[in-house]
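Below you'll find the structure I mean.
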Amino acid sequence: MSKIVTFGEIMMRLNPEGYLRFKQANKFEVSYAGAEANVAVSLANYGVDTKFVTKLPDNELGQCAINSMRQYGVDVSDIVIGGQRIGVYLVEKGASQRASKVIYDRAYSSIAYASQSDFDWDRIFYNTKWFHFTGITPALGGELPEICMLACKMAKKRGITISCDLNYRSKLWTREKAGQVMSSLMPYVDVCTANESDAFDVFGIKAMRTDIDAGKLDYDAYVSVAKQLVERFHLKMCAITLRGSLSASENNWAGMLYDGVSTYFSKTYNIKIIDRVGGGDSFGGALIYSLYNHHNGQDAIEFAVAASCLKQTIEHDYNFSSVQEVQALVSGNESGRVQR
Amino acid sequence: MSKIVTFGEIMMRLNPEGYLRFKQANKFEVSYAGAEANVAVSLANYGVDTKFVTKLPDNELGQCAINSMRQYGVDVSDIVIGGQRIGVYLVEKGASQRASKVIYDRAYSSIAYASQSDFDWDRIFYNTKWFHFTGITPALGGELPEICMLACKMAKKRGITISCDLNYRSKLWTREKAGQVMSSLMPYVDVCTANESDAFDVFGIKAMRTDIDAGKLDYDAYVSVAKQLVERFHLKMCAITLRGSLSASENNWAGMLYDGVSTYFSKTYNIKIIDRVGGGDSFGGALIYSLYNHHNGQDAIEFAVAASCLKQTIEHDYNFSSVQEVQALVSGNESGRVQR
Amino acid sequence: MSKIVTFGEIMMRLNPEGYLRFKQANKFEVSYAGAEANVAVSLANYGVDTKFVTKLPDNELGQCAINSMRQYGVDVSDIVIGGQRIGVYLVEKGASQRASKVIYDRAYSSIAYASQSDFDWDRIFYNTKWFHFTGITPALGGELPEICMLACKMAKKRGITISCDLNYRSKLWTREKAGQVMSSLMPYVDVCTANESDAFDVFGIKAMRTDIDAGKLDYDAYVSVAKQLVERFHLKMCAITLRGSLSASENNWAGMLYDGVSTYFSKTYNIKIIDRVGGGDSFGGALIYSLYNHHNGQDAIEFAVAASCLKQTIEHDYNFSSVQEVQALVSGNESGRVQR
Amino acid sequence: MSKIVTFGEIMMRLNPEGYLRFKQANKFEVSYAGAEANVAVSLANYGVDTKFVTKLPDNELGQCAINSMRQYGVDVSDIVIGGQRIGVYLVEKGASQRASKVIYDRAYSSIAYASQSDFDWDRIFYNTKWFHFTGITPALGGELPEICMLACKMAKKRGITISCDLNYRSKLWTREKAGQVMSSLMPYVDVCTANESDAFDVFGIKAMRTDIDAGKLDYDAYVSVAKQLVERFHLKMCAITLRGSLSASENNWAGMLYDGVSTYFSKTYNIKIIDRVGGGDSFGGALIYSLYNHHNGQDAIEFAVAASCLKQTIEHDYNFSSVQEVQALVSGNESGRVQR
Amino acid sequence: MSKIVTFGEIMMRLNPEGYLRFKQANKFEVSYAGAEANVAVSLANYGVDTKFVTKLPDNELGQCAINSMRQYGVDVSDIVIGGQRIGVYLVEKGASQRASKVIYDRAYSSIAYASQSDFDWDRIFYNTKWFHFTGITPALGGELPEICMLACKMAKKRGITISCDLNYRSKLWTREKAGQVMSSLMPYVDVCTANESDAFDVFGIKAMRTDIDAGKLDYDAYVSVAKQLVERFHLKMCAITLRGSLSASENNWAGMLYDGVSTYFSKTYNIKIIDRVGGGDSFGGALIYSLYNHHNGQDAIEFAVAASCLKQTIEHDYNFSSVQEVQALVSGNESGRVQR
Amino acid sequence: MSKIVTFGEIMMRLNPEGYLRFKQANKFEVSYAGAEANVAVSLANYGVDTKFVTKLPDNELGQCAINSMRQYGVDVSDIVIGGQRIGVYLVEKGASQRASKVIYDRAYSSIAYASQSDFDWDRIFYNTKWFHFTGITPALGGELPEICMLACKMAKKRGITISCDLNYRSKLWTREKAGQVMSSLMPYVDVCTANESDAFDVFGIKAMRTDIDAGKLDYDAYVSVAKQLVERFHLKMCAITLRGSLSASENNWAGMLYDGVSTYFSKTYNIKIIDRVGGGDSFGGALIYSLYNHHNGQDAIEFAVAASCLKQTIEHDYNFSSVQEVQALVSGNESGRVQR
């Protein structure tokens, strides 16, 4: 009876403790994460019935991934068991001028080799109001572009709202392939989210004159990109995250939302980074929560940006912020005073 | 033969490692702490003979709390053994916009159920020059308001200087109850310390026009509060800590001292926070050390603020700074250069 | 067939986990480090055949030190086995206003009691192009001043370039002794590196008007110091690191190089410190790499400063930065964006 | 739609790492456990729809306890939120001649102060086939004896099978009180489990001539106890665990089942103990699984004993053994050969 | 100038800490291991110049694997860089009746996709006296059977002694395929090692009447197997390890060697297991060491069995025993008295 | 006002975690220990006022050693501060056939270079009833033989009972030197303790026909040794520990006491070893406790052996057993059943 369904990959995440580099590590912290899994956990944390759909191998690691979702209340009853392996990725946390590094070892995963017959969308979408996926899912290859297309069509038929985070990954596919596949899926999408560079990487749409590394944001450019996306694909809404990377330890973070009529810019947070991986997913999860609950445009973007600001102060990918914590930050409490 | 006695609760403190949230933790760091215990350890570290008085249960956890004090040289010979349990509190360390969280599980502790006959103040105060407690001790309820009153009277009779940190805790008692009990104890107090909001919470005395979350300090307001406290209760001295919470990771920190004649403001430190819990207690401990050693007003407040600045760069509640380290900071060495 | 040889001490380094103070620690992280060993690991990481020469005791700790070098590709085939013990040093990491502390327990080490007959410089220098040592090596006492002198003479005879980091350590010898010994060795040196205070401590050469604790740098003063060193000892080059210690958590970091004709100043990095110990050694290692590869003056100083900036974002002494990572930072990528 | 419901307390479990004693610990491992919670996790691991019912406080620790159950697939939808605190217990692992120690800090917990109106047994028992509780639940006091009685009556009315583990805890109630309350509940019970001493402690029924510390088992005595229990309370079945404590590191472990007609004794396992806490609960969980799936008497007791043997080779309270793993051990594979 | 060359796969090994099961782990210990890599480290520890040949991906994990070999003195200069990924395997340590579990995630590794042109056997075998591989290497598929064949032919041509551990892995290939490929390679092999079941799994040669799980050994059966192997493939020597698995925590361990004339049985050790993974490899490494140094048959098998006994008291795959430690055990010192 | 004084060295003890070998360790557990310090902690744990006397350097490590004693209630007020360094020793825990290893790095310690004027025995012995030292103290060299002699004379003069553990360390002195020095001290000693080999190593007194490695004990031999010691040095009592090392993981452990008239043998414990270092010291501490409290001979040896049995089930050197725990074991409770 889950109201929101997300579909994609969940991987085993390994990272050295603290700020150790891979070459120094003799222990890895183990967690489980993936773009759409992260969104599902965010939504479950906010109290929304959420189902995550993927395919995982029939071994303890697959079960651990399932348990990690279930622990936080995500409905895992439609996860398909089979295939060879769970994807793995490794994160080395950067600091100051030293960038974080991610090594992906995700090829040949169960989900990447899933077939259309694995997923019974009729059952999956029972009672569903919202469907979310990201550009990573079709980028995994195999039959996934077709599976995504089928899911979108089935969702559309039921009047389910569809959201998609462009999430371009150059290691997974070329810009050409991405543009072609995503162009075929976007017509089904109602709400599109993206970071500063995704629109250009996938569709060649330029965020003109932004100077992202310097931490300065050109608001007009983002409006221009959002409008182009909305117009080209007849979206209801488009949201863009704006990251100003001052260093691996400090980022500026904001977001904008365009609803076809108005643009809403959030306030900008200066974040002392604990772990920025999963930041965009927590933005997506919180934005969906807001829109699903019919918040207005300004409230929605403020909630999404505050939520994803908090995520980046939390270790690992999942966002363990509650609605109350996010709202307290939205209300202006950035002081970090001890909550006794 | 201890010269300073502090009286109150010591609890078992549990906190997840690093910046993990409670929901992510499968290990807790264990330490032992409490407002008056923290003051005692500060004083012992500075080389003063200090005794801590409390009541602890007859089990390994009570013994561990005793050992943690004894390890740093505090006299534990008058700790009473009995009752049901040691109080527990859990700390989740915040970062950037995410606030630290404290969960208290301190009800039904041995000290909260102590009786007047548990403490032989004649023996406890043998050879004592200074007695310290905080507003938390009577707030624990039961017979503690009466016990504190008795201790104060016994101390007064012996000419012992009495200091009290208002330390208002809304989880323990209401403002009304606090105001009533503390008003009866304050006439015995010589030196009162408080943070920005305690005077208002306990006595309705306002620190007018301060905007603490913005990290800006209105000096006149603090002077006004200190003067009201001194006048109402005929204090010898009143000191107030001034915290500007920029975020959970960065605070401004200063203090003021009013001796009935002059006000002394310390310099302000910008602290990259390691652990701010216990900051106020380390201020109190260092201030008592200074006054006990007859430092002048400006020196005393500078020593107290520098000491408590250093505490906030140290994990857990106890302040492991030496007199030399505090004095080096007072002398202006903020550069953090490696001491080889 | 190693092209670069470094000679000195390698110690066992112990440090509490995270920001714990010595008094709180019940675990120490163990690594192995030393000024010249750190330089050797930097060079090996950059792909240069590098040999490290020292003397280590015939026990597991000596072997662990050897293994730590070998792990990163340093040639350890000329390390001499014998003597009593490996030196030990302990590091307590500071934060904000609290300075880091180093306790040395290095007396009576195998290398400090080495004799001239321990080292067969003919074999050691086979095929060598560059020889590096620091002021710490002769400061260890015993026959080491004579051994360094012999090594320098043997190197000179073969036309090997010699570099020396002044690295004054007041715990090891007096300024007088240092000045006398180093003055006898410097005539053999081609490239000298130093920090802001070494030239004064060792040779009485003043870096006039610099205010290092305030983080401001007086460029003219450094030029003056470098020129005096070059002139007095007929150096080919002299490089000085410029550290502005804002706090234990934040430093400004830059460097200058003087080649007898021109002075080259690097850009200045604002570093959020992870571990600054070994920063100077990583500067030396990177500078040698640059000069060994005939980079021009500006490129060399930029490479050396960027490399040592990255080192200070890495735990323990060794610099695990690759040539590509250093060059990316030199090229201006300070944003710390995730490398996927 | 859960088929099995268990009802009782879940606590936060803290234990020092490895074999450290409480006095040596500065870290505690954190898990969540309780007699009936442990049974629920066992059943969920075997693939049975299982619901756990309790009351937990509205704070992160209560949520963590819920998450720990949910992670392993237990239905937590009828857990009541409210009350003051979660119970805590601390385990110090013994070794060889040194016994394990447990400190309970469970008074004043949310469940101990639950009221009859907290639980809607009609909704809880929807679609339920089996109800399990232990003697600990009514022993917690307050209204719990009445709540247990009500639950038993409601279950009986629906034809739900009821099982109860006597689980006598002398810290919670006297033998007299236990005997009185349990005697009123037992008439509703179909399947009773107990360890060697429970029947005597609760009902004064003697396991004659057993010499448990010597690790020898007197089979006739157990049969006599089981028969007395079955006869007195008209049980369908009674099972008893037989532990021979050779030392804290090594136990013999077996069990017997009496179905009113025949007695079935399992084989005896010699266990090198990893963590014996929760051993009895894992026996109960596995026995319920077997009986719920209509295994015959011998199969049921073998499955229950093998499962609980495996539990004692696993850290913490929960039994993470699968049906396949238990069956492999039942089938005689005790060799521990690596499963690749 | 390495005298012994081993060829095969090195993987990243991940295992939960202590006795935690996969489902409980949020940290993995990281090490690097593989059948032939383990042999190489053993030999390097014994002071023999040893080279390990494999193919590893061009990322930090590949480099970490290289560093792990280099750390212990193995020559890594002929490791080929390329391909997609390093193989991974996960070990869950068993205890008592609970068996250890290994999950392999080794498909698609760089070495499995290596091509014949990757390896320049002329250069690799320069100055080599001994070549070792195991049945795992050709089992990895792709061109590896051909590469192994080529390596064997090149080695034979140079008069290099060839050893092979049968090491049958049912997850990698069928008995049929194994039998076919290994039968083609064995004619080049001089020394063959195997465990109790390999000869049957690969060649259908039966170790008749052995009851390995019961820990009893039928010596005649092993002699029969060894003789069949020697005769069928014209081996110089054949050695078989004899493991009696009493439980996951306790094994009996012995070995036999047949030189075509005589059979030599080692003494049997009762091992309290710390980590048995890599036990067979450490036997192989020690046997090669002995034969390479022309020990006689009895001495060789005693050294090999004692060495591999010690390995199983050491964490992770590599055997960190020295020649002296092995010889002390061979000499009968099993008392484990402290070596001061 | 301490009644028992012990005098000797306290060192920093470092050991890898768990069963890791030195070569695998990147963390060391840190504790503080020494033969006479261990005895002092045992006595303080039993509730006896005990003072430990040593000399420690004026740095954080010296302070940590003091704190470690103070934590458990030992009087540290007569510890002398000065000298160069604290001794260090490293322990690698063995398992099964692999022996534990100890590396000493204790030369040049503050205590080894102490002078006679450092210790004011008049003040130290105020109110003292018992003085304990071991053969390690004079073995440290320098003036320590003379200091020990002085302490013995001063103690004797006051009628203080003197005990000495022979504790021969071949790394510290030769048998000849030991024999000469100890022979001069023994006339002052009332109670001598020793292990199986000490009497021979120090005085050439033979424990004939014992086969210690095989775990068999020849009782007559021990009686003979004890009698020789008592007669030669006019001792009141002599106690010998009897260790049967079955392996590094399992020892048999017993003791005997001879009071000049009768011999008392304790029962023998089979110990699954957690950490055997400090076992002999815990025997000494418990024996002194028993004799100090006038237990009879059989009770004293049983208490001492049971206490030291428990110590060997505890990590690190200190014995954290209480009188009750020891007495429970003496009373025959070896079952290790959970104490709830």
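Some notes on this structure:
Chains: A, B, C, D, E and F, in written order; residue numbering restarts at 1 for each.
FYI, contacts are C-beta pairs under 8 Å (C-beta built on N, C-alpha and C of every residue); 3 or more make two chains touch, one makes a residue touch a chain.
This one's a predicted model, so the numbers in the text were calculated from it and none came from an experiment.
Graph distance from chain C to chain E, where chains that touch are one step apart, equals 1. Touching chain B and chain E together: A, C, D, F. The chain with its Cα centre farthest from the Cα centre of chain C is D.
Fitting chain D to chain E on CA positions gives a rotation angle of 120°, reported to the nearest 5. C-beta contact counts were set side by side for A-D and A-B; A-B has more.
Using CA-based centroids throughout, the chain positioned farthest away from chain B is E.
Chain centres here are Cα averages; for chain C and chain D they lie 62 Å apart.
Rounded to a whole number, the gap between the C-alpha centres of chain B and chain D is 45 angstrom. The multi-chain contact residues of chain D, meaning those touching 2 or more other chains, are 18, 21, 23, 26, 67, 72, 101. Per the touch definition, chain A reaches chain B in the complex via residues 18, 72, 269, 271-274, 306, 309-310, 312-316, 320-321, 325, 329, 333-340.
Against chain A, the residues of chain E that register as touching in their complex are 14, 17, 21-23, 25-31, 59-61, 63-64, 67, 84-85, 88, 90, 92, 101, 103, 105, 107-108.
Looking at the complex, you find that chain F touches chain B at residues 67-68, 70-73. Residues 18-21, 23-24, 94-102, 104, 169-171, 212-213, 245-250, 276-277 of chain D are the ones that touch chain F when the two sit in their complex.
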